[in-house]
Every structure is written in C-alpha cells, then in structure tokens.
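The structures come next, written out as structure tokens.
Two complexes, one shared chain (subunit A), two partners (subunit B, subunit C).
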Partner chain A sequence: MFGYGWLVLIAPLLGFLSLSCLGKRIPRSIAGYLGCATVGFAFFISLILLVHLSVLEPEERVGGAQALYTWIDSGQFHLDFAILIDPLSVFMFLIVTGVGFLIHVYSLGYMEHDPEFKRFFAYLNLFIFSMCVLVSAADFFFLIVGWALVGLASYLLIGFWRDKPSAVLAARKAFVMNVIGDVGMLVAAFMIFETFGSLSYQKVFEMAPTMFLANDMNMILITLFLLVGAFAKSAQLPLHTWLPDAMEGPTPVSALIHAATMVTAGVYLVARCHTLFELAPFTMYVIATVGIITATFAGTIAMVQTDIKRVIAYSTMSQLGYMFLAVGLGMFSFGMFHLMTHAFFKALLFLGAGSVIHSLNEEQDIRKMGGLAKAMPVTYITFLIGSLALAGFPLTSGFFSKEAIIMGAYHSEMGNILFWGLAVFTAGMTAFYTFRLFFCVFQGDLRTPDAHPHESPVTMTGPLVILGFFALAAGVLGPWVDSFLSPVFGGHAEHYQDGFLETIAVFVGLGGIMTAGLLYMVRSDKIEPIKEALAPIQEILFHKYYVDEIYDFLIVKPVKAISVFLEDMGEKKGVDFAVDQVGEQVREVSKYVSLWQSGRIRDYAVNMVAGMALVLIFVAFL
Partner chain B sequence: MGQEFILLVSATVFCIGAFGFMVRKNPLIMFMSVELMLNSVNFLLIGYSNILKSLDGQIFALMIMAVAAAEVVVGLALILTIFRTRHDLNVDHLDSLKG
Partner chain C sequence: MLFFIVFIPLVASAALWAMDKDSVAPVRSIALGGTGLCLLFSVFLLFGFESENNGMQFVAGLTWVESLNINLKFGIDGISLWLVILTAFLGVIAVIYSTSQKNDQQREFLALLLALETGILGVFVSLDTISFYVFWELMLIPSYFIIGLWGEGNRIYATTKFVLFTLVGSLLMLVAILALTLEYHTATHEWSFDIDTLSHMHLDDGTQLWMFLCFFLAFAIKVPMFPLHSWLPHAYKSCPIPALILITGAMSKAGAYGMIRFCLPLFPSAIESLALLIGACAAGGMVYGAWIAVMQKDLKSLVAYSSISHLGFIVLGIFSYNSQGVEGSVLQMVNHGIIASALFIIVGIIESKMGTRQLDKLKGMGTPMPVLYGMFMLLALAALGLPGLNGFVGEFLILAGVWTSVTLSDMAAIYVLMGGAAIVFASIYMLYMFQGAMQEKNEDLPKDLEDINCAQFGVLLPACILVVFIGLYPKPFVDRIGPSVDSALHAEKTVNLPSAEDASSHH
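Then we have the complex of A and B:
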C-alpha cells in the first residue's frame, strides 16, 4: 500500500554514505546542500505519506507493515526487514525529518567555518536515517537496531569536536548510559520472544491481551525492562546524567538530538507499545511517577544553572517528564502532542541559543550576556516566542499541550492531586527559569564589553522564523493529532475541562514569568540578598543534587578499585604469569629438542634413511 | 631374468645410493647417489613392467627420469652458486640452518 515508504529511509542513508565515503570527490561547497537535500526529500516523502494516510479510512490506516526483504530465516525464527507505515510512525517521520531539515539548514550557517563541515553533515544524515529506522521498525528487533544506531549517532555528534577532552568524556558518558538502556531493551526483547514466539509488533500486540490479564507478572517485567531503555534514552531519573553533559556537542546537535527527536524516543516507545503497557497498570504508574518527579527535579536544577545550553537541557528533561506523565496516565495522544510542540519550541530555543553563542564567540555563560535584543532582533523575537511556548503562555503551542497534560494529571483515572500539584509547580518553575534566561540574555546591558554581537546569517534566522511560527501556532493542531493518532491508540484521549484548575495553572505560569521579570528586570538589586538567603539550597541545586558525585562514589570509584585490583592480581600475576610460564617452559624444552637440528645435511639423510627403515620394518613384520 | 634378480639388483643399487648419500661430503657425489636411488626404482618399474606385460611401469619410469633431470638442473645450479660464493663444497660446513 505504501510501496514508496522506504524512500524516507534511503535518502538520508545515501546522503550519509556519499558524504562519508566519497571523500574529496564531493566538494565542500555542495556537501552541506547535499546533506540538507536528502533530509528535505525525506520530509517531502513523509508529507506524501501523510496525505496518503489521510485519504484512507481510519481503520485502514493501521497495520501497514510491509516486508522489504527477508533478513533471517532460521528454523522457526523468521525475520523480515519490514517498515511500518501507520499514523504514529508518519507523525514521527514528519517531526524527525521536518525539524531535522530546518536544523540541517541552520547548520549550514552555524558550522560554516568548521574545518570538518562535511563530517558533521555525514553524522547528521546518519542520525536522521537511524531515527527513521527506529520509528518505522515493525518489530522489536529493528526497534533495537534503530535504538542502538541513534545512540551511536548521538555519541559521534556529542564528541564531534574530538580534540576537546570534555566533549569526548561527555560522549562516552552518554554512550555508557544509553547502553544500560539498550541492555534493558534486549532483555525485554528476549522475554517477548520467549513469551510470544515472535518479535513483530502486530503479532505481539494481538496476542498480549488474549494471553494475559492486567498486571500479570510477565507483562510487568517485560514493560519494566522496556522502560529501562526508554528512561535511559529520554534522560529520566535515575539515568539522566548524560543529557546535560551532552551539551558539549555543537548546538544544532543539541537542538536536533537532545531536544527535538532522539530523547523523545522513550515516549514514542511507550506510545508504540501501549497495548503492552495498558496490560501493566503498575508500570504505567511507575512511568507517571518517574515522569513527574523528573519534571520537578530537573525544573529545580534549571533555576540556578548559568550555562545557557544547560538551562535548556534541564528544561528538556523536565518537559520529557511531562510527556512520560501523560503517557503514564494513558493519555498517549497528549504525550505525542506535547512531543510535537516541544520539538518545535525546544528546537527553536536551542537554535536561538546557538545564534546567541555564535554571535558572542562561543560564550555560554548567561551572566556575561545581556542586552542582545537590539543587536539580534530576529533571534530576540523568535526566542521570546519559544520562551512563551515553553512557559505555557496562553494561546501558544506549549499552552495547549501542557494544559491538556496538567488537567489529565488530576482528572484522569490514575491522576491525583499530587501529580497535579507537582505538574503545576513545575510549570511555574518552568516559566520562571525560562524568563530568567530570557531576561538575562536579551535585556539590560551587555556584560561583556569587548564583544560585538551581530545578527546571524539568513540560513540561521530562516529556520528560527519557521520554527517560531510553529511554536506559536501548532497548538491548533491538538485535536487533529488526537484524531489522526486515534486508530493507533484505539480511541481518543479525553480532554478534561475544568475552568478552576485551568485558571490556577495559567496564573502560576504567569506568576513565574512575572517573578522572573521582577527579579531580573525591575529590582535586580534584590537578587544578591535572595541568593544569600537561599545559599544552601542554591548550592545543592547548582551541583544538580550531587547525583554525579553519588554515582561517582557508588559506581565509578568501586569499579575502578576492582579494576585496578584485577589488573594487578588477575592480569599481571594470573593470566600474564601463566602465559609467560608456558612460553618459558617451551623454550627450555626446545633447547634440547633443537639439538636434533644440527644443520648438517648428512645427519638429516641418516635420520631419513633410519626412519624409512623403521617404517619398512614396521610394515613388513608387524 | 627372474623376479628375484630384479629385486636384488634394485635393492643393491638403492642401498649403494643411500649409503653414498649418507657418507659422502661432496654434494656432486651426493647428487649422483640420489640419481642411483632414483634409477634403482626405475629399474624395478621397468623390470616389473616386463614381467606383468604392462606399459604402466615404463611410463612411470619415463616420468621419473624427466623429473629427475629437471631436479638435477636446479640442484647443479644451487651447487654452482654455493661454490662461487663460499669457495668450499664440503656439505658439513653448510650448517647455517642449525637450530
């Protein structure tokens, strides 16, 4: 039915292969355009798929898995390389290739002076390909393949500036954390195959409701292991530490991978496997709880960070927490809706931050910025839109998606006042830290006297404007997202109306913005006393609750100690010693054996004749 | 010409060859000894070919002679080169392969 669906995958793959393998035969001048073109083409195909799906009857939209070829055929195990074209995967295609395309264009300007321009575009294309594999997989096998591939692309891109030690360390950390998740996914896949005898979504999702009752131990275990993967990829507690560090990569990477697309893979996974998760209400409860705790946790940290990208990174974690809260409460389409609006406004904020960093010569400390509104009008306005959307200002896209989740936190089946309270509290914090960042960067006076801020080139401001438009207006797509995805989720998510709670949420958000304005615009002399009064809390938050230090103490240090011990006792005194001894003994014996090898031809002749005589005697008499 | 005679002559010639190969130090003489051994086998093959009234043995003998001739060419060339470089043809002195 969707015979051309594979074009979405093949275009970025070809882009990656040609950029990385053809070397100098592709001149630098067209490498960037080639990278953009492949993603643009993939986006175009995704749009065609969208139109194609829209004209079908809702029941015909799901289950469009098509095998491209047989990958493994071994006994009872049969595995096709298949892609699944249904509303959910096309929805993800559109976000990945659409936002991805804009970020590719932005990178043309941002990476213009980088000597390894081409490698950058090759990696970006690889990422788009991997992400498309992830979302179009029709079975758990290729889900894991895509899962690992995006991990690889993320690793390569975080460590893109490979002569910067902090970037390389951050890349390694991200990779290790993600591999923990991959192992969880693998275990889940093994258990699924053991239980259902198949890895294909269609079969598993058909069989699961007939085989298990709700909260069956099997289902809980499978979904919990899937969650390990989802939490690691989406930087939820306790596997979140890699995401802030991942900001060492170039800013377009942060926008593409660590805000808009890859980190939302965990939310996608829960939505895709909703049949399994719905059979395990316990796991759903875990998702919602971890989601809201992460949202609050990251929100508090974001309030005191001073690095522009880290503030946005923590807000990403926080917003991902909202998405998990939504899917955990069974409101899958709200989770996907927030995923979409978040992709727009968070990519916008990151790209805006990149534009600021670019014009201030790689300065990332917000305490040294300020007053950029005049020098960079386009960045200023688009950043304002992004901030409003993130803060959930009424009528921006973020308002609609977040409000739906916050309402559900109280009114949905599993919702309660605690979820709601934390969600509103976090919304207030979000508004505060977003506008703290905004005011610090764009208002007041520039605090670095020798800098000469300037507006970015049109390749950078263009994507900002387009994303700004969507960040502002995408809220109207809410009902469409819900109805478009409803065939996949088997029903609509209920949109709860509650004027009273809604008003509270709106006012908390506005209050956050006003507090930030009051503190950082009007009475900036009050900041220091407040800081001093809250010094102990500030200290804890600035050190991110010391989670890195705790992990270092609990895991890294003991592992290192064991490794040193094993290296000494096991390696040097055990294995090495044994191997050396074998060599030593052989040499000893050889000393005597080699006496036979006199080098004199006549000795050899005698030995040969004697040997032949022995053989003859043996044959003749025995 | 009985079977015993053929076997006896062949064995005698082979032993002479083998003995010569083991005790002589001059590579040329050793070469000749090798040829003696080869030809003792040829003799055997041809003798039996006559007794069994089959041409197979003679064909084998021809093959062996051809191979031996080729081998001699290589061997003589080697000996000549060794003599040119070392001015010494005592095989007992050629022990650089000693282990």
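Then we have the complex of A and C:
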C-alpha cells in the first residue's frame, strides 16, 4: 500500500551516489540543484504519504511495514530490509525532508564560493537518506543502521572543512561519542533479540505488554541501554560534549543536523519505543530527570557564551532536555510537537546566524557584532521571530509547545514541583540568553568598524522567511499533531490547564527578555558591580563547568597512557620477552645437552649402558 | 575442479622457476595468468554450488598411501567455498600489486607467492587430515623465505620467530592427528584420515581435552590469538605488502578455519569445558589489540594490531558455539580478508608516495588525492564496523551469537561489552589513521603528488564494491555458510570406542 514510500529514501540516496561517484562529470552549476531536487522530491512524496494516511481510518494507519528484500537469514535470525510507514515516521519524514529542503536551498547561497561545493551537497543528501532510514526503520537492526549512518553524515559534515585541525578533531569527537551510543543500542538489540526472539518493532511491541509487568528488570535494562544511544545522539548529559564542538561544521549543517533533525533522534527513539518505556517507569523517571537537568545545565552555559553558534548550540541541548522531559513524563505527542516547533525556530536561528556570519566574513564572536538591523532587514525580522519563539513569547509556536510541557511537568502523573520549577527557571534563562544574543547582534552599533554587512541573497533569505512563518504560526498545529500521532501512541496526551502556573511561566519569560534588554540595551553603569560579583560563576559557566577538561583527565589521558603501557609492558617486556626467553633457555639447555655429544664412541657406549640399566631398573620395579 | 584451483598456482610457480631470470614481461603474465585462472575456476564454483546442501561438494580424491588409507581428498562446503574464493581473489590482487612495484627479484618473489597461494588453498579444501597437514606446512615455507629475503627491518628475527612459533603448533597438531587415527583404528580396525569419518567418532572427555588442546594451540598460534600473537607484529611489520595481502587476508584465516573444521565437530565436550577460558583470551585479545592500536604511529603496525583485535572477534564467535556466532565468524573472516588486505595496500601506496608510513609525518594527502581519500575512508569505515558496511554484519552476528551463547553464558554479557569497547577503540584508531594521513592542511606535500593510478585503483575497487555489497546484502553469503555451520555444530557421533561397543555386544 505504501510501497512508493521507498522513494523518500531512494531519491536522496541517488543524489548522494551521483554527486559523490560521478565526480567531474556533473558540472558544478547543476550539482547544487540536483542536491536540492532530490530532497524536494522526497518532501513531495512525504506530503503524498501524509494525505494517504489522513484518508485512512485511524486504526489502519499503523503497522504498514514495506519489505524490500530479505537482508539475512541465519538460524532463528531473520531480517527484512523494510520501512515502516505510519503517522510517526511520516511526521518525521515531513520535518526531515521539509526543513532539509529549505536548508539545501539555503546552502546554495551559503556555500556558493566553497571550492568543495559538490562534496557538501553529496554529504547533505547522504544525511537526508540516513535520517530517513532511521525514522522509517521497521526493526531495531535498521534503526541502528540509520542511527550510525546519520552519525557518519554528521561526522563528514562537521569535518567538512578538513583543512582545519579543530574541525577534524571535533568530527572525531562526535563520531567516537556516537559510537559509544551505538554500542549501547547494539547491546539493547541483543537483549531484545534474546527476550523476544525478534527485532521487528511490530512483534516486540505486541509481545512486551503481555510478557512483562511494569518495572521488570529486563525491561529496565533494555530501555536503559537504548537510552545510552538516545543520550549520545541527542547530546544529553553526560554524553553531550560533542555537540558544541560540532559547530565547527558549516552553519547549514548545524541548522539541519545539530538542531532540527539528527539530534532529535533520541526523542524519536523514546517515542517510537514508548511501549517498552512505559513498561519501565523507572527509566521514564531517569529520562525526565536527565532531560530537565540537561535543560538547566545547558541553559546556564548558554548565558555566557560569546560565539553566536555556541549559544544556539547550548540552547539546542537545553531544548532537547525539554523534549526528553516531555517524553519521560509520558507526554509523547507533546515531545514530538516541541520537536517540530523547535525544528522550525532553531533551524531559523541557525540559518539567521549563518546569514550574519556570512555577511561579516566568518565572524562568530557576538562581542564584535551589533547594529545589523538596518543592514540586514530580512535576517533581522526573521531572527526576531525565531528568538521570540525560542523564548516562548505568547502566541508564537514555541510558546504553545513549551507551555504544554511545563504544565505537564507539574500536573502529569510523575510531574512534581521540582520539575516544574526547573522548567520555568530554564524558560527564563532561555528568554534571557536568546535576547542577549539578539540585542548584541542586531541592536546598538557595529563593533567591527571595517566590516561591511550586507543582506544575503534570496536563496538564503527565502528559506528564512518560510521558516519564520512556521516558527510564528506552527503553534496552531498542536492539536493536529496530537490527533495525527494518537494511533501510534495509543491515545491522546492530556493538555493541562492551570491559569496561575501559566501566568507565572509567561512572566518569567518576559522577565528574561527584559533583563537581557536592561543589561545589553541600556548598558547602565549600575550593573557593573553585579557583573563583577558574578565573575567567578561566569568563569565556570564560560568553561562549560570544565567537563571537557574533566573527561580529558579521567578518560582520554588514561586511555592513551594505558595504550602506551600495554605496548611497552604487555608487548615488549611481556609477551615478546617471554617468548624470546623460551628461545634463550632452550639454547642454554642445548649447550649442556650438546656436551653429551662428545663424538667419542667410548662416551656413547657408557651412556648407552647407563640408559639401558635405567630402563631395566624402571621395568623391574614398576 | 578443485585440483585445478589448488595446483594451477603451483604449476605457474614451477614455470616461473624455469623462466629466464631477466624476462620481466613473461614473468608477469605467467603469474597473473596462473592466479587469474585460479580465480576464474573458483568463481565457477559459485555456480555449481548447491546452497541447501550441507555436505561436501566437488569432492575429488587421489589415493596417496593405500595401506594406510591416506588420500589427497579435496572438497568444499559453504565455509570453505568463500575462503577459497577469497584466497584466489587475493592472489590476483597480490600479483597485480607486486608487479606494479619495483623488485629486482620479481621472478623468485612471485614464484614463492604462488606457492604460498597453493598452500593456503590446499588447507581450505583438504578433507584428509594428512593432506591438510602437508598443505599447512607448505604455507610456512614460502612465507619464511618471503619475509626472510624481502622483508624490512629485523627480518631474520621476525621470520625465525614466526616459523618457530608456527612449527611448535603444527607439530602438536601432527601428534593429535596421528592419535586421532589410532583411536579410530582401535574402534573399527580400519585406517582412516578422513576428517568427516573421524568426526563421527565418539571420544571420551579426557581424550577430547588433550587432542583439542593440541589442535587448538596450532590454530590459535596461526590465527594468532592473544596471548600467542607475539610473532604477528614483527612478521607483519617486516613482511613486504604483496605477500602481506595473502598472509593477513587468507593465511591468518587458516587457523580460524581449522578451529571450525576440526575443533567444532571433533571435540564438543572439550569445547564446552574450555569455551569460557578461550572466550576470555579472545575477548581479551579484542580489547588488547585495539587498545594498543590506538597509539600506534606506524601505519603498518596499526593495521597489524587492529588485525589482532578483529581476529579476536572471529575466535570468540566460533566459541559461542551457536549458528549465529559461527556464521558471523566465517563471514567476518571474509570481511577481514578484504578489508585488512586493502588497508595494507593503502599503507603501501602511502609509503611509496610519501616515503614514510609514520603517522606523525603524514598529513593532508586527501586534497590532491580525492580518489584515494574516498576509498580509504570507505575501507576505514568498514574496518571500524560502520553499520551498512560488511564489517558490521560479521560483528553483529558474532556478538549476537555470543550474547545468546550457552557455552559462554556466564560471561556472555561481559564479552559482548568487551566487544563493544573494541568497537569504540576501533573507531578511534581508524579515524586517527584516516584523518591523520588524509586531512588537515599540509604545505610540505610534494608538488607532483598524483592520485592513485589505474592499477592501484583496480586493486582497491573490488574491495570497495564487496565492502558495500556484503554490508547491504549479506544473505547470499550467509545462506551458503549456514547449512555447513549447522552440520559442523551438530556432528553425529555414530562410531563408538571399543569399550562402549563391547558393553553393548554383551547384552
């Protein structure tokens, strides 16, 4: 029925293959359009899938696995290469290919002068393909395949400017951290296979509720190992350090992979496997707790960063924390809703930042920016919309999606005042750092005198406008998201109404914006003493709580030292030495043995007699 | 058919010895023709092979010693099928690669290389323990001379160590082979050296244990398995690359192959009692090799230590003693053969272009060499087990087998986690290697640095295609391996020892 859904995967794959293998045979002028066209086509097919699903009865919308071929058949282990077309995967298709298409178009302008233009589009297409594999996999095996392939695409794009040592290093860091996550997923897959005898979602999700009660140890372990993968991919504590460094990649990459799509894969995973996670309330609690801690942790860091992309990167981590909080509290469709609105406004902010960086000749330090409002009106307006949405300003898309989560943090079954308090506090910080960034970049005077800022070409501003529209208006889609996804989640998420708490949240958000305005617009002398008093805290935050340094000391250095030690002690002084010693000893012994071989017949005769006597004695007495 | 496949390289080798020393072109064409013909025949095997059949196919035999019933008996099943094709394939690659390099004694080198190929092929197709043993030793002689004569560095030390190590193992194996036949003679009053016949014999636990140890040591040294691996870094480091293609790609699989062919069907009870211990060594080797590889600066020793790690996976899979694990191991043998040999070729190319293979002196080769960049990346990703490429399929099946293994059950989870650690390390050292050599900016690159030429491209291309193909569609491979693995795991024990027979005849 949904066989044509394969086209969503095949189009970008063909784009990748032709761009990467045909090399010079594709002229540069066509390469960019080809890259965009494949993703545009995939988006078009996703829209058809959406219409197709919408006309079906709700119960017919789930379970549409489309097998292409049998991948392997080994023992009891049978796997088809299949995709699953259901509301959740189509929902993700739409975000990935839709936002992906806009970012492809944007890249036409952004990467125009890059000598490796073609390679860039090849990698972007590879990413779209991999992400579609991830979200449409019908079993845990191809989930892992997609999971690792997006990691690869992310690695390739972070390290796209391969001449830069920092980019090479950041790419490697991201890859290795993601491999740690992959191994976690792998172990989870083995446990699932052992427990259920299958890796297919359908079978596992059907059997799990009938086999296990809530909080069965088996379920807890499986879900915790899945979480290792989810946290690594979605940059949650303690596997988060790769994401800020990933900003070494070109800005469209940060927008697409490290904001809108790939990093949300962890949230998608929890939503996709909600049947398993619901059987492990303990794990759900872990998810919600890690989510809210990461949200707060990243929010504090974002307040003091000075690199425009790093501020947005930490904000992404923080917003991902909100999404984990939502799914951890069992509000899956709210998590997906925030995932969607976040995809719009965060892609918008990154692309806006890219537009700024582009016009200031790769300048990323917000202390050197300012006053760009006049020079870049479209970027200015759209960035303002994105900032409002991120700050949760009433009636923007971010307001609706975040508010639903914050209310649930208190009112839902597992919710409590602490979750709510931290969520509101983080919302305040979010508003503050977003507008700190906004004011620094667009208001006041330009602090780099010799720069000549200019508005970006229409290939870049066009996507900004479209994303701006969605960032502003996508809030109305909330009820639709909930009802569209309800066949997958087996019910609706409850939307809690609480006027009092809502008011507090709104005012905290507005307070954050006002504070930023006071500090960075008015620049009164009265705040200098406060700034000085907070300097030590700022230092800690600026160094991101020294997590990188701690990891380096606790993990990286010991790993390297042990490697050297093993080679030195294990190999040279251990195994080799032992073996050489055996040889030496044999040679030593043979020296003595060779003394017997004197060459004199008399000696041999004596020895022979002695030997025979020994044998006789031996035989006689035993 | 199999006789042709095995002896064509040997005949070609003999022809090379007979050639005039200075005729370069005929030397090349004979070597290439011999290996090419051998590959052609072995690919034909694929078409005649019945994948459902779990027995030996293409069986052909010659009587050798009639009174003792020793035969030169060849045959293949789903396990050896792929290894034969792999060896024949690598033979061609090795010859092409070595003819593209300068070598004053090309004729002698190629002749030894071809003899080595015959030895390896013979091991994979022999169905008779004595002919297995003869080919096993035949592998040793050419590799001894190749490393000793054409090696680099401390080559005499390396080759002596290699040969002594392997000899110790193979002599133990010879003892066990003879003892096995004597047991059979006691039971049936007939002589047989046939592997299949012998594996139907029921052996008591004590006998199984010591015989198993003799065989196992021989194989474990050949693989090599931690902690018996100390010959490998020296031998690999000093071995010239064309020979290394065959040695790492095909010969190192002979050990693992022997474990499957002999240890699994012959000594089930010994495996049950020793699997945990062997698993510990294998899993330890995975982590140990990978961990050391992380800080290697010499690309050749980096790949050598990564091989120790990957071979640990293969042995661990075998001793999971279930179909997923063993099938994964067989597939991983093929995968490792393809990947490791291709990586060594790349190391060779880098060394010939830059004059060094020290990582700290290399940088930024990717910009002037986009084709090598792409191929190197693909192979490095396959080696680190990226899902979607072939290395992952093998590792996944192996670890799935270990996880569900009965013989390893107590430690299975720990071994799998160690495998996970090895995978993480693999991503670190492979990226160090790839990024270190190919990325970043390098102002000191030679101005005339050109991308790889057609011959080098042709040598690497098949590996790249197979890496992707097996990753995307492993079914045709696993389908043929599966039935044979099952029959190795469930050898029926129909021949009893006299004590048991006497007991039954009394009733």
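Going forward, the second predicted complex is superposed on the first by the 564 of 622 C-alpha atoms of A that agree within 3 Å, B and C clash if a C-alpha of one lies under 4 Å from a C-alpha of the other, contacts with A are read in each partner's own complex, and residues count from 1 in each chain.
Heads up, the rule we're going with is that a residue touches a chain if its C-beta (ideal position, glycine included) is under 8 Å from a C-beta of that chain, and two chains touch if they have at least 3 such contacts.
Given the structure is predicted, the values throughout are model-derived calculations rather than measurements.
Number of subunit A residues touched is higher for C, counting subunit B against subunit C. Using the contact criterion defined above for the overlaid structures, shared-chain residue A:P165 touches subunit C, although it does not reach subunit B.
Applying the stated contact rule after C-alpha superposition, one finds that A:R600 touches subunit B and leaves subunit C untouched.
Residues 594-602, 605-606, 609 of subunit A touch subunit B in their complex.
Of all the residues in subunit A, the ones that touch subunit C in their complex are 20, 23, 69-75, 77, 141, 144-145, 147-149, 152, 159, 162-165, 168, 171-172, 175-176, 179-180, 182-183, 186-187, 189-191, 193-194, 559-560, 562-564, 566-567, 570-571, 575-576, 578-579, 583.
Those residues of subunit C whose C-beta lies close enough to touch subunit A in the complex are 161, 164-165, 227, 229-231, 233, 288, 291-292, 294-296, 322-324, 327-328, 364, 366-367, 370, 374, 381, 384, 386-388, 392-393, 396-397, 399-400, 403-404, 416-417, 420-421, 423-424, 427-428, 431-432, 435, 438-441, 473-475, 478-479, 482. Across the complex, subunit B meets subunit A through its residues 18, 21-23, 25, 30, 91-92, 94-99.
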